Amino acid sequence: MKNGLKVAVIGGGSSYTPELIEGFIERHEEFPVQELFLVDINEGKEKLETIGELARRMIQKGGVPIHLTLTFDREEAIKGADFVITQLRIGMLEARSRDERIPLRYQCIGQETTGAGGFAKALRTIPVILDICRDIAKYAPEAFLINFTNPAGVVTEAVNKYSTVKVIGLCNLPINTRKQLAEYFNVESGEIEIEMAGINHLNWTTKIRVKNKDVTDSFLNGEADLKGFNMNNIPDLEWNRDFLRALGALPCGYHRYYYKEDEVLKHQLEQLQETGTRADEVKKVEAALFKRYQDPNLSIKPPELAQRGGAFYSEAAVNIMSSIYNNKKDIQTVNVQNNGILSCLPETASIEVNCMIDRQGAHPIQLTTKIDARIRGLLQMVKAYEELTIEAAVHGDYSMGLLALTTHPLVKSASVAEKILQDILDENKTFLPQFFSKSKTV
Amino acid sequence: MKNGLKVAVIGGGSSYTPELIEGFIERHEEFPVQELFLVDINEGKEKLETIGELARRMIQKGGVPIHLTLTFDREEAIKGADFVITQLRIGMLEARSRDERIPLRYQCIGQETTGAGGFAKALRTIPVILDICRDIAKYAPEAFLINFTNPAGVVTEAVNKYSTVKVIGLCNLPINTRKQLAEYFNVESGEIEIEMAGINHLNWTTKIRVKNKDVTDSFLNGEADLKGFNMNNIPDLEWNRDFLRALGALPCGYHRYYYKEDEVLKHQLEQLQETGTRADEVKKVEAALFKRYQDPNLSIKPPELAQRGGAFYSEAAVNIMSSIYNNKKDIQTVNVQNNGILSCLPETASIEVNCMIDRQGAHPIQLTTKIDARIRGLLQMVKAYEELTIEAAVHGDYSMGLLALTTHPLVKSASVAEKILQDILDENKTFLPQFFSKSKTV
Amino acid sequence: MKNGLKVAVIGGGSSYTPELIEGFIERHEEFPVQELFLVDINEGKEKLETIGELARRMIQKGGVPIHLTLTFDREEAIKGADFVITQLRIGMLEARSRDERIPLRYQCIGQETTGAGGFAKALRTIPVILDICRDIAKYAPEAFLINFTNPAGVVTEAVNKYSTVKVIGLCNLPINTRKQLAEYFNVESGEIEIEMAGINHLNWTTKIRVKNKDVTDSFLNGEADLKGFNMNNIPDLEWNRDFLRALGALPCGYHRYYYKEDEVLKHQLEQLQETGTRADEVKKVEAALFKRYQDPNLSIKPPELAQRGGAFYSEAAVNIMSSIYNNKKDIQTVNVQNNGILSCLPETASIEVNCMIDRQGAHPIQLTTKIDARIRGLLQMVKAYEELTIEAAVHGDYSMGLLALTTHPLVKSASVAEKILQDILDENKTFLPQFFSKSKTV
Amino acid sequence: MKNGLKVAVIGGGSSYTPELIEGFIERHEEFPVQELFLVDINEGKEKLETIGELARRMIQKGGVPIHLTLTFDREEAIKGADFVITQLRIGMLEARSRDERIPLRYQCIGQETTGAGGFAKALRTIPVILDICRDIAKYAPEAFLINFTNPAGVVTEAVNKYSTVKVIGLCNLPINTRKQLAEYFNVESGEIEIEMAGINHLNWTTKIRVKNKDVTDSFLNGEADLKGFNMNNIPDLEWNRDFLRALGALPCGYHRYYYKEDEVLKHQLEQLQETGTRADEVKKVEAALFKRYQDPNLSIKPPELAQRGGAFYSEAAVNIMSSIYNNKKDIQTVNVQNNGILSCLPETASIEVNCMIDRQGAHPIQLTTKIDARIRGLLQMVKAYEELTIEAAVHGDYSMGLLALTTHPLVKSASVAEKILQDILDENKTFLPQFFSKSKTV
């Protein structure tokens, strides 16, 4: 890595980009981005320009020498980049809204990244990411792909299986868990150490240490309520203490979809009647946000962005890139290839665990807790779903898709899987050429 | 094994026993039982006597030199036995009826061996079987335990983990599958060869050969309906051909609980209103059967027994014992320890696969088909449930029980698991001393 | 498999062929060979004709309807064959003689199939076998390749890794061990059951049962000498009883090269001075044999063939082919792919263990004894050598060859490995095009 | 860990102790030892006193508040310790001298930690270390055992298998390799990053980065000689470049015993005639050293200690303890339990790999290079030897000992193993009670 750091952001027109820009400005000293490319597709021209102008104002106000380029030419953006960040959304919020509605039609949980919704998103997303990888392999073979695009674990595994690009999958859940624990224990975030085990959006915190003291058991056995140990798009249903004790680990927010399936489903069906899906809400938030972004006097990340979700997204992103850039050898929880760390999962699975980050990338650290049957069952079943989903997405394989959905714990039966799959294919025709064109991608 | 074969049947008063007696008579030449002990508990005195008298009449009519003893003294029955058969039902059909009702209360499938019902049965059964094993280890250490008691796979694994007794778990599903395929293809049963992979009551037929020809694909892709590929206590819902093709294997009857969860649940809830649970039906069948058995003129297995289920139970039992006795080295599908045959499951898991049977027992044969993610996900999740269930049953461990139920794909959430577990404990107090007494077993 | 059985023997001019012919004649009823092709290369014309004429006389005398064809056209021989037998020797006994001399030059054991000698043989043989496999895949894709060519385990693994042909590796050591045990215990061969674990020519007998009684421990602890538990080309050094007891298994004859390395080396160096290598002896035996074969009055396998080695070669060969042909499902010890049976070796390794033989081939049976560190260390090291050897042989890779030899326990050091490898390459130029031509095979 | 750090050094009378004292003084700020206990046995009273007095002078001169206690009461020393360091030598240099002579008697390499010599040392050492562990478990259960005692990998594995004490095995080879590479590349030691894979004294450097640049290939393919890439007790035989290239990794010094067995053996046999074994040399060095230590004017570590070996011993020791104490999360190469990091070795094996060091101990990091057959064979065989050695040492099991030696690549045959084992037992009677007393340990 030479000194003149180049970063390409694919999906640069995303409402999250100001978050990222803020991070690049605030931590410019340790992570001196010189060339920043925001790329998007033609359909996103307007949004890209709004974001681009805001970014320019932010950079100027920040007084840092970042040279910003807006472009629709992916090749130009990637060429010689040190880091490529993918934060795209194929089909935009319209597609997400469909993803969330289809499963609910069949009394199954509808969610952007989990269950049948995440499956549909994976089908749309994986071929595009693999296409980007072909460009990276060609124009910036040494670059790291930092993938935020959901389902981030599935995408990471697909890249590892079908590309030679160095990829790290990133989610803000681990950093949020640390922050939430810091708040709970009323200490600095740096005084919290946790061990996480699992896969993206299905991740158990198996050890918690506060100021070097192991508090895992006392925390799990505690009495205080656990409001807030969650992501802000998931109904904040309380964990039962008997269950936490039995589990011996803190589940992540997304675990509510599995461990509280009935309640969440009830909640979603009610919400659907009243206010529509989460995507519908988000659309309104986004519309307001972009309006706000257009204000020529705005030259900071506006506080309203926090409502959008994605808390600490920027911090997570700059953390990983700066640790690589500076060969920091610190510990971060990211998505990487398994290779024996979780012996109950295939060697080629993507997993989300504590990693040591250095110039060569993210290196998982051996777990200190044994993943036993309490965690293993659900983990293996969801991973099998993910493997099948990748095969379906890459090869446009209907059978694999049907089995992927049938295997998912949140899809009630093979018959329901069939109906959901049909709806997904029908409502995503333009985004799933691999299922409809004669000449399949691979 | 000396020539004077001794067999002890624990739970001798079962309505299935005449089935077994018939087998011992018909195949006396190849499997010359000399001493046959039917053991039961005092509460089953009346049934044991009814069965015992019928058995005597059958033996006499059969003209074979089997010496029959009825007893309540387990030690006497086991001492020096070559085979010990366990076919007991702790709590009798009353308990089964409760097992089937409790889950339905919470919109979960209620079934004797699968899901929360099978869990309750495992809690009641495992400690008793391990107690029997202590007797076998002491009084007949060379004997084989042939376990029919459900959940047969879980019981087999518990014995392998917590006892030194040589155990083989037996189910009539594999033999029925062969018979059903023979009927479908209109050939002799001996002309059907199948490869089965999985665990008890969750077993996929991954290869079918008819007269030495591999017909797996053509069978799965076929058009004819698959009525009858089922056990007679499971709603006979048709498999969708797209799904079979995608799966690449023939699921077993019990798979309907998973792959058709919504339909089966609906069916069960309706049935519950109309006729009660399966246990309630069986109670009536049994009452009629025992009435029939009492007829002093009856000296054969009455045809009515067929309605009770357990088709080919006797054939399966004599097959395995005779192959051991005669060192036959033939192939049968039974439950044994894994040790690397299904690499996606723990070494110590019980699995149900094709085995070569010789004097030393049942030896699994390497599979010729790779178990991929299509099968792996569900299999691993249910196996994790089984492991947790064994720990709960052996140690009377509430937490493990809660996690076992939460892990089971047919239990909707941790909250539901908690309610079901509470009901199971409340309604089985007398049968679950390990959860209620101070001094725990093991 | 249709009824008109076709068998192709590649290397038909081998002195062993009459052994095979005898088997085809004697067991024609159960294994009715209709078309028998003996193929050889032009250089072996004379020998092929001698063998062919003897075979014809034997068939005629035997009175069986085997139609015999001699040919140099491999394609013709393979086309539509049910079984292809490979028993070729690249470079003939001259090459073997060099293989045995080179290592001795550097104070390392020189042997045809083990150590550096076997390495050289593998380099010459593997590309030819893979070439034959390309023909089989094209002209007889359903045929079984029954490979006798040494090193048989390495060749089997190479075929499994670099070809789609169904291969079974065959060695007469397992059948000889059974015969030797039968003689030792003075029982019929069928009354001996053994469990073998390991790889070709490095195979431990871990269980011995005589008339259904486990005699393993008493045999290992016995006092009687073990002369004759050996192959007739290996110095018959006695096993120390303390060592056998400690090992807990009966080593095979070839184990003497490892466990008695110093004594065997001393023996070989002396022998080299006196009578030359084993190859030199064999050359004389062969010359006499072919002279004998030419006798137009000879129409049976002459007893002198026994001195050549290869005892029960024919029985082993017909056993495996007949069990496949007749779907016998009996137990034989052959070389197949591992897939988890020996968990200490790679999934793709060839192993030599008890298999159930049916129409689909050879299916390993789960071992009843755990392979612990006592056996594991040597086994893993030799298997690593084999893997490296295959890579060297297939790719003509000098580095892999150097590491293969360095890894072999019978090669004293990396420096010695280098010298031996150089000598092997120098003395085998015409047989190792993969190392010398520009365009490498793969 | 409270602030008043307590360290107990068992084998405090060792000539290496001044090395350690120097480290405690120089790095007192970051690792503020408050209580330092040097323990030894009565037989070592004189040496302990000499060392103790020198230590006091050094501490005084250093001006640090370390409170030093000399004692023969192990319990007192261990009670409440934060770190227990074991650097003992059962039987002292006399025993080492015998260990080195016995194998040479049978033409096998004689070495303190490798081969039959290391085996004898393990037999003497393991029971004593396990006895110390019983004290630690009782009197300082939270303490880390930092074990320097050789064979350090075997001892670490024995502690992990037979004790609950937290142990880290330490060797100065990894730190020396870094220093040697720094010198070779003429950079600071901190500019060298290496990945090491293997086990103690059989460790391959699979990746070398200098100033963030991967130079592994160019280094291995280089022309410069590699004198000095060695430990100073091993004959400095040059690595052949073809071999290094083929191996794809830098072997450690001890690899010369395997890869250059013939040359090293020749060297040792010559040396034995001329100057005796390494132990004999060391005895002279030690005598001179202790004489020097007695000088009341000496209050620093004398430069002569460097000749003794053990370079950077102190740095390695303080590094690991300080990183634990300060929760540094830096990378060090130490001996820990495997658990899937090297998938070719058992889960319970000790391995020597890069670890992240924090307050909880040493956590192995996933390797970035795949350990293939080139490394695997030797590694697995030596590990099998180690496992057998532990069983022999713990249980006083002759058979396991015989197999351990037979399995070791440097022992020529089972017959030689038997002779060596007999000699070891004969010459170590007083140190091997587990083999001679009726009541076995454990």
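First chain written, first letter: the chains are A, B, C and D, and each begins at residue 1.
The rule is simple: a contact is a pair of C-beta atoms (placed from the backbone, for glycine too) under 8 Å apart; a residue touches a chain by one contact, two chains touch by 3 or more.
In this text the structure is predicted, and so the values were computed from the model without any measurement.
Distances between chain centres, each the mean of the C-alpha atoms, put C farthest from subunit A.
As a whole-number value, the distance joining the C-alpha centres of subunit A and subunit B reads 45 Å. Centre-to-centre spacing of subunit B and subunit D amounts to 55 Å, using the average Cα coordinate of each chain. In subunit A, no residue touches at least two other chains.
Because contacts link each chain to exactly two others and close back on themselves, their graph is best described as a ring. According to the touch criterion at the top of this document, the contacting chain pairs are A-B, A-D, B-C, C-D.
Considering their complex, residues 1, 193, 209, 212, 327, 329-331, 339-341, 343, 356, 358-360, 363-366, 368 of subunit D touch subunit A. Only residues 107, 240, 242-243, 245-247, 258-263, 344, 373-374, 376-378, 380-385, 387-388, 391, 398-400, 402-403, 406-407, 409, 412-416, 418 of subunit B touch subunit A when the two sit together in their complex.
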